[in-house]
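Here come two complexes built around chain A, the first alongside chain B, the second alongside chain C.
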Partner chain A sequence: MTTVTTRARRTRQPVSLFTLLVTALLLLPLLVVALAALHPDEYLLFPPDGISLRWFGEALEHPSFRRSLVLSLQIAVASVIVGLLLTVPAAIALTRGNRRVRRTLQGATVTPLVTPDMLIALGILIMLSQFALSSSMVGLVLGHVLVGVPLAIQVLVAGLAGVDPNLEQAAQTLGASRTRAFLTVTLPSILPAIGSAAVFLFIFSFDNVSISLFLASPGQTTLPITMYQYLEYNADPTVAAMSTILIVVGVASALLLGRLGGLGQLAGAGRARR
Partner chain B sequence: MTEATTHVRTEPSPGTPAVTTPDYLRIEGVTRLYPTGGGVREVDLTLPRGEMLVLLGPSGCGKTTLLRVLAGLLEPDAGQVVLDGRDLTRVPTHRRNVGMVFQTWALFPTMSVWDNVAFGLRMRRLPRARRDERVGEVLDLVGLREYAGRKPRELSGGQQQRVALARAIVTEPAIMLLDEPLSSLDHRIRVQLRGQLKRLQRSLGLTGVYVTHDHTEALALGDRIAVMDGGRVIETGAPIEVFSRPRHRYTAEFLGLANVIPVTPLDGSRALRTAFGDVVEPSVPVTGDAPVVAVALRPDRIRLTEAGGSGGAHRGSVTAVEYQPGGVLHEVALPDGTTVQVVVGDGPGLPVGTPVDVAFDWSQAVPLID
Partner chain C sequence: MTAATDVRPPGAAPPEGAARRRPQAPFGGWLLSAPLLVFTAAMFLYPALSVVRTSLAESNERGSGGFTLRHYADFFADELYVRALLNTLVIAVVTVIITAVIGLIFAYQLTVRPGLRALQISLLLTPLLINGVVRIFGLQLGLISVSDVLMWLGIVDSPLGLQHSMTGIVMALVMFQLPFMAMAVYASLSRLDTSVLEAARTLGAGRVAVITRVVLPVAVPGLVAGGVLTFAAAAGAFIVPAMMGGGRINTVPQMIYISVSQSDQWATASAFAVILVVILLVPILFSARWSTRATYGGR
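Moving on, here comes the complex of A and B:
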């Protein structure tokens, strides 16, 4: 993620040695995993003795990895949809509402970030059993949405704050009703922010361990959990290969975020792009 | 402010026909107050079809609030807005058929110039062919046809302003509302666009309300001017009336074109006395029964000579000198503490500190009420 942050910054300032060092340090574990995945024999070794893509095939063929990958993707997509349905209206209400209420509410939306994930998971677990909902899918989506909401809201609020409130009024003077003005003028302006929020929600769900650990039922485990369980009994490069696939998904999302400007919006530079 | 309104109604400006035209726009007792202060109170204004009304005043005087009430972007606490015989007060903005140009222009950043201009026609569901024809016409009118495919951010300020104008007139609005549309431009472009705007308004016969704090803009664009302060309309009239014959002390002070010299009425006559003892008998009649509190006298109606000359004048001294296109502006302090501005048309002027004799041509004084 760090390389992407530096790359997303459009300015062409020379990168300091310190930045390079920190970046390298952060990337090193990922590199070790990726290289270990290339080792041809049935044990984890770094640096690898040879180069083989065998374990990538194994990882993708492995039935429980495969099931988990599909489940993880389903849950992540569901989290994005549910998350956006919650956060987009919330962000609009936040930016247009009373200023004092806004600060309090925006503070409140950050609480999932500072609450231990275990507590959130426990809470959801208790709630679900109260409602007699046994499906772990609902619980997982709920939990994942909760941890993704704070960042998604921040990104959307930053995006909306950059839209001139006169735009919608101009559209109204030109004959657009309030709803139409929002849909034709404001919405297209905040599409990048919505995209960023969607990527954040996706990644937070796809990578989540702590909530999933609590809420996944046997036989319905998400990919990170399956990998964790696999590692308890096996030490072959399959896990490394699967991890590499996850890293690639992560890097791709981060690149996408960089393009959409979501990282900049988090750093408070959202307005500078307009 | 009924007196101001009657003033407008009974004294049509020279350009308008003497027959009383029915009021196209009528603002009646409009009040809109903010909890934090500001807003407008009981504003009455009228405007005939095809004319441009300029709301002139300092920031915070309520002129933008009034404009937004006209647009329907703000709901008045009281009063009504009637346009062409139709009460608009409860009509939502998008059904009012107004065209508005915002101070920030508010062009849609995600749309091209063409789509920006076409927006209003799309909302009115005009058939595509008619729409394209209209957009092309209007872009030609403002000279931006070749920029049609660009995004607003790829245009200069002046070009963006013209897009905003094109977008507002393309729908043939019943009324144009302009909120300081030129204030964020360079002086040169501002003057150029001001002329273009006036020609366009005249040739298309647009009725408009224009908000500004710049009195040169008001003079250039207005068919009538309403001077505002503290949420009220102080006075209205044709530009020439407001500028050369202001009726209120506030107007004269805000325009800053003349010396405002406080006076006290002399008992039993029309004459007035200044703080430094001169007796003034203005040739301009005083309207109404409000007491005259000051007179306005233009800086070129005061004569300045180096001390020691003719008698009957006041002794003062030059405290500041400023070179202006029309001559040299001297600030002169009189012994009683009054400072007046005097323009000397030719010559290099007198240096600061020079003792001078000041003579006033009181026949040109304009009486002012509060």
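Moving on, here comes the complex of A and C:
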């Protein structure tokens, strides 16, 4: 519907300078970091007085950055898998279950959404210590999944709502079993939504600071935590280059979500996950 | 009537019995929702109750039993903690006000001047996918550059030092929360008929009157929803005051982190956490009550 109206009114709509300015101001800090990373000397200078890519190599070679980047990627991938296994069935229950199921699920996903991350992290930390679980990996993955779940569910429910239930019904009328009708008719049409949910679960885990800060053990810190600790003592082109790599990851996720149609759902996430 | 014979134009009202034909999940959906419900109970409900229990424990040792309200009393008796609480509240309230004002103007402008709307919304949302530490680092570098330019122009004599101040903390929080606020208000304003604005103008309403009498009432649900979430995010933020405060401005979340990480004071940290949750609940309950009244026509 939106696309139709946009197309109909395409004849020179006025553009607001205010919104352009605000959007640019929000993007400016990212540009500053990316340009500072190009400065060839060993101190930060903006704007840079030369162009060099050497710090990108240094950042990826830096032992603790490298170790935490690998850990962050592992945790993010695990979060995607665990997150999808939990949210895809729940999203189906939300669209096709009875009213009590729907209400329970909504309560279960909304409450963690309005709770600050660090309180969730403190609770998980206390729980892990009660059960004497030393592995921080499990805690990190499950903690990251918890904060990614509300948005993943929202995207999946929107995807399922867009599927015409008559198609699945038709497949059943033509002799497919209920499971087969779902797997062959409905599932393929919600693949973009599953993709969007996966990207959100990945990036919310990969970017998470508050939960990781509490749950990471000294030898096993995720990349955002390593960078935060590094920045406490030095701000140099190495960390600017690593930051630029993270900016690229974020922008790539945005483009991917744009293709999959999930980017707009981000507005409903309510707040930044810090 | 079977689905195969059901031929009707898209968008037409569903025929009789359509509700019955909506695919139903087996066991009413309980089986499919079980993994997530168990997960939430184990990773959210139980930990939350553990925090409350720990906050009432006799001593700060792990797994200590007993019952006391001492840790709550300690909080309000210590000037440092009360100071941190006040800082947290000031930061959160100022952040909500600034974010609401900019968010309202942004959403209004995007409604009345919708050129490049899709692109602008995408660009507004993209930073939300970028790491928070990176964004704060960028803001710090940007503020240093601004300060340098102002000094070079002779407008100020000394560096502004915004990258380590209360102002800096609020700036960073506004940067993080603005997209959510703007989109929440924008969603509310989508119910605004722009011809009503023209009608108000034709009938002689000034610019200010149009905003306060026509736009603002429609924007209120978005402002309230955005405001509540911004308050929660600002009051619960750890990394922003930690990086932008330069170690000089304490907030409750920082107190919680320090209590756990530096001195293993589990009960103290848990009591602080419960106090923070209570603070966050105030605007949520207030807004729920307020919006109920608004819905039922009260003023």
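One rule holds for everything that comes next: the second predicted complex is superposed on the first by the 240 of 274 C-alpha atoms of A that agree within 3 Å, B and C clash if a C-alpha of one lies under 4 Å from a C-alpha of the other, contacts with A are read in each partner's own complex, and residues count from 1 in each chain.
Here is the rule we use: a contact is a pair of C-beta atoms (placed from the backbone, for glycine too) under 8 Å apart; a residue touches a chain by one contact, two chains touch by 3 or more.
Because the structure is predicted, anything quoted here is derived from the model rather than measured.
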Item to check | Partner chain(s) touched by A:207 [first = chain B, second = chain C, both, neither] | outcome: second
Item to check | Which of chain B and chain C A:57 touches, first, second, both or neither | outcome: neither
Next on the checklist: Touch test for A:170: chain B only (first), chain C only (second), both, or neither?
Outcome noted: both
Next on the checklist: After the superposition on A, what does A:180 contact: first (chain B), second (chain C), both or neither?
Outcome noted: first
Item to check | Touched partner set for A:189, first chain B, second chain C, both or neither | outcome: first
Checklist outcome for this item: Max touched-residue count on chain A (chain B vs chain C) belongs to chain C
Checklist entry - Do chain B and chain C land on any of the same chain A residues, and which? => result 166, 169-170, 173-174, 178, 274
Item to check | Contacting residues of chain A [partner chain B, same complex] | outcome: 164, 166-167, 169-178, 180-181, 184-185, 188-189, 274
Next on the checklist: Touching residues of chain C toward chain A in the complex: what are they?
Outcome noted: 2-4, 6, 21-25, 28-30, 32-33, 35-37, 39-41, 43-44, 46-48, 50-51, 54, 62-63, 102, 105-106, 109-110, 112-118, 120-135, 137-142, 144-145, 175-180, 183-184, 187, 228-230, 232-233, 235-240, 242-243, 253, 256-257, 260, 266, 269-270, 273, 276-277, 280, 284
Checklist entry - Tell me, which parts of chain A touch chain C in their complex? => result 6, 9, 12-16, 18-20, 22-23, 26-33, 36, 44, 46, 85-87, 89-90, 92-94, 96-98, 100-102, 104-105, 108-109, 111-112, 114-120, 122-127, 129-130, 142-143, 145-146, 149, 153, 165-166, 168-170, 173-174, 178, 182, 186, 203, 206-207, 209-210, 213-214, 224, 227-228, 231, 235, 239-240, 243, 246-247, 250-251, 253-254, 257-258, 263-264, 266-274
Next on the checklist: Quick check: in the complex, which residue numbers of chain B touch chain A?
Outcome noted: 71-73, 92-100, 102, 104, 106-110, 119-120, 123-124, 167-168, 171, 177
